[in-house]
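You will see two complexes here that share subunit A, one where it goes with subunit B and one where it goes with subunit C.
Here is the complex of A and B:
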């Protein structure tokens, strides 16, 4: 069941009514049932995967905590009998066991994810290897496995929880069914955000009173999400794919426009979907983690990644980057390099090696094609270059007698970051790495041949749709700008009632009339839903 | 308490305003069927006329072009309405009858069987739309949508036509706003006169018997349902085939329909066999080489059909009923088609 369907709207309304009819204390049960019904509708066979994750994480969290509790009891009972060394050794052995449990669970769950995502990719390379070196043409057939809905999102969320339990950040959830809801909460299962147990659990299980203002607020958020998804993202999709497919004919500015439009498309698609999830959750009185903070106004790539898909970025930072930075082996390597005289490089090793791994993993997370890996590595290279060239950049700024706070400097940095990130997305829209490089090269040729008539008539973006898309993009950016000064919805709610009605009517009209949905349009599925 | 009541009223008002907005958008974006495809107006134009509709005709385009209710009124005092859209299938005809009865019970329902020869999987979205978009919301409508929509169509698109027609935003004209809430009549109680003449091939129409001719299960099922519904409600029923100079009919259909009619003890008549008595001349009385009747043909056929009904069925003569007379005078004096 897609977010963009009447079925989902009816489903959400039905769950909402049931939710508020149920006693406050047990409302989460409705959410659990609804989440499993929702998940079941995507294919009953998918249950097996989410159940394996839920059960394995629940048991392992219990085992990890159990070892910790036993350790506490043992140490307090034998406080006087054990020497300091014995205590240390006992703690180390317990930690080792806990680590083993954690590792087994991580391998199991990430193993499933990797297998589902990478089995065909691996088979392709095995076949190529066998053909190249042994001349074997009896190819291993592809598995063509379908990814269960939201598996990347719930796997990351659940494994994050387990790692937190291992580090003793909070107590595990004892109620299996409550834990199952944390894993499967339906508004966020399609494309996130990747929530933390410490914040989501409080939201899921708190006792909520019915509040019409909250329902209204959630509705606005849903409509705004639909506006971004249906009016902008889906309208631009055909132009982007057509232009990239016909790049030898429509090169130069056509591709540049496609690159710009793809940035708008993916932002509208992903942040729009998150807004729908956010709005639906809000109607249940549940606040989800923010996943976007006006990313296109970032002044550097590092900042961009702190404002785009925030929950994935913080997940990688907390569970991969920091643990690796503090890894004894990496610290030792840095120390070794420093001792050999490369002071500067030695200092950077504990940062750049984990960063490289994070970007490699981010690439892998996005898909099982080489182009995503290359995309991830380019992000790494640009961030490193940005850091290393900062002194040079500062010198130039100084020579030009400019300050970082000057509007011109801010605009330049925002512009640069936006286009760097947009160019990197060519890997996203191309079918493979060579095609991506080819498309990039073609941007810089034949600008004089650009004619809007070709955009309208040959590249699936008729004049009227072009105008609607441009106006909608301006509105989207205007809202982002207003949002810098606080919540747009709160501002709207402070307006006189007639003004609120005009805004809501315009929003409903814009989505229902200009949205790309229904026969002849067919709303595209969410891009991030496939990751 | 006061605050709760106030808040509840505010909420109701807000929900109602959203509904008004959605209804208005629906009205604007739905095709208006004013200047072309006027059969799309037939379904909705029935409701204001329901209280005057003693006889209901259901069928397809051959019926809305071949039966002129003005003739029935003028010559026999029969007050009737034609609920027949282009390519109206037997299952839509069934729901047209159910919907008509829901509003007001007629005295006689005449079911044209021309469309009975089409397959069970016959789906033509524009025709289904024209039949259904004007139908008031009811279980009949819901069930009719279920029975008629194609595999790729969605129930929601019929309930909220905006979902289907919103892509018309590029082609909206002033008429879409002007006629958004237009409730006037474009048809003459469902009749759409066509004054064109395009002669049929000369020669007598000869049917053949075909071994491969049959009535599909679904057509049979809905024809039976329609008869049973009428009989259950105490409404007289007539099965007929409207005249057409077309060779895609077979005596076998007549036999099969007669079997069903006999089973329910009702009449079936194929008017093709009475061309001479009716006085139809397919060199003049058809706009499309015999597939349909033009306005001259409709007058001849309606005159004959009215007499047939009057002789065989118990239909109230409304000539002396003031209310009916005023209604019919208004219909007759108004130019029906805003062509």
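Here is the complex of A and C:
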């Protein structure tokens, strides 16, 4: 079932009615059934994968906590008998067992994810290797496996939970069915956000009273998400892909425009989808984690990644970057290098090596093509350059008698970050790494040949669509700017009722009249849904 | 406390750690400094500092670092 379809709307309304008809205490049961029905409708074979993740994480969390509880009992019963050293050694042996359980579960779940994502990529390289070195032409056939819906998102979310249990951040969920809902909650399963158990569980299992304002607020959010997805993102998709495909004919400004439009497309697509998830969840009285904070207004790449797909960034930070950075081995390596006289390099090792691994993993997360790995590594290089060149940049700013707080400096930094990130996305829209470099090179040629008529007539963006897209983008950013000073919806709800209805009618009209429902349109194809 | 101040002086000797309460907020320490300090603290006090402890409040002053170390030693 597509997230953006009449079927989904009817499904959500039916679940909503059932949810509020059920006793408050058991409403989460409705959500669990609905989540499994929704998931089953995307392909019954997908059940096996989500069940493996749910059952394995549930059992491993139980085993980990069980060992922790036994440790507490043992230590309290023997607190006067054991020496400090004995206590420490006992704790270390328990931790080792817990680590083993955690590792097995991580390998199982990330192993499934890696296998599904990377099996054909690996086969391609094995075939190439056999052909190059042994002349073998009996190629191993590709598996052509379909990635179960949302597997990256629920795997990351569930493994995050298990790591938290390992670190004793909170108690495990004892009720298997409640835990199954945490893994499968349907509004967020397609493309996130990647929630934390500590915040989502409280939302899922609290007793919610029916509140019309909340339903209205959720509906506004859904419509705003649909506006970004249908009016902006889907309208621009054809122009972007056509221009990149015909880049030898339509080069220079055509490609630059495609790069700009792709940034708008992916933002509209991803943040629009998240808004729909957020709005639907809100109608059930459930607040999901924020995934975007006006990322295109960031002043550096590091800041950009703290404001774009926030829940994935914090996942990588908490579960990969810090554990690696604070790992005794890497810290010792840094110290060893410092003691050898390379003070500056030694200090950088515990930061840059984990950061490199995080960006490599982020590239891998996005897809099984080399272009995503290269994209990840470029992000790493740009962040390192940004950090290392900061003193030089500060000197230049000082020489120009400017301050970081000056409007001109802020504008320059936002402009620079936006275009750097947009240029990196060429890897996203090109079919491979050489095509991406080629497209980037072609941006700087033949600007004089640009004619808007070609955009309208030969590159799938007719004049009317072009105008609608530009106006919609301006509206999207205007609302982003207004949002900086607080919730736009709360402001709308403070207006007189007729004004609220006018705004809602305008939004519904914009989505129904200006939503892009053109030929070949497929509302199901969220870009991040494929990750 | 003396050991902690000694570790901190090893990174930024010019700072008055008795009075300074904005080591992170005022960007006196950058991320490289913090990780170096964490490494020294883990070595010296045989404690485990994890991601959840990596918040500015725990590193803004020598006193805050002292509190963090004490709480981890008691675990």
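The rule we apply is simple: the second predicted complex is superposed on the first by the 525 of 531 C-alpha atoms of A that agree within 3 Å, B and C clash if a C-alpha of one lies under 4 Å from a C-alpha of the other, contacts with A are read in each partner's own complex, and residues count from 1 in each chain.
Following the convention adopted for this analysis, a contact is a pair of C-beta atoms (placed from the backbone, for glycine too) under 8 Å apart; a residue touches a chain by one contact, two chains touch by 3 or more.
Not measured: the values here are computed from a predicted model.
**Student:** Regarding the shared-chain residue A:211, is it in contact with subunit B (first), subunit C (second), both, or neither?
**Tutor:** neither
**Student:** With the two complexes superposed on chain A, say which partner A:508 touches: subunit B (first), subunit C (second), both, or neither.
**Tutor:** First partner only, subunit B.
**Student:** Going by the contact rule set out at the top, does A:77 touch subunit B (first), subunit C (second), both, or neither?
**Tutor:** After superposing on A, A:77 lies clear of both subunit B and subunit C.
**Student:** In the superposed arrangement, does A:406 touch subunit B (first), subunit C (second), both or neither?
**Tutor:** neither
**Student:** Looking at A:388, would you say it contacts subunit B, subunit C, both, or neither? Reply first, second, both or neither.
**Tutor:** Neither: A:388 stays clear of subunit B and subunit C.
**Student:** Please identify the positions on subunit A that touch both subunit B and subunit C, taking each partner from its own complex.
**Tutor:** Shared contact residues on subunit A: none.
**Student:** Provide the residue numbers of subunit B that touch subunit A in the complex, in ascending order.
**Tutor:** Residues of subunit B touching subunit A: 7, 11, 14, 17-18, 21-22, 25, 29, 152-154, 156-157, 162-164, 166-167, 169-170.
**Student:** Which stretch or stretches of subunit C touch subunit A in the complex?
**Tutor:** 31-33, 35-36, 38-39, 42-43, 49-52, 54
**Student:** For the complex, which residues does subunit A have touching subunit B?
**Tutor:** Going through subunit A, the ones touching subunit B are 6, 212, 216, 462, 464, 501, 504-505, 508-509, 512-515, 517-521.
**Student:** Within their complex, state which residues of subunit A touch subunit C.
**Tutor:** 167, 169, 317-319, 321-323, 325-326, 328, 331-332, 334-335, 338, 347-348, 350-351
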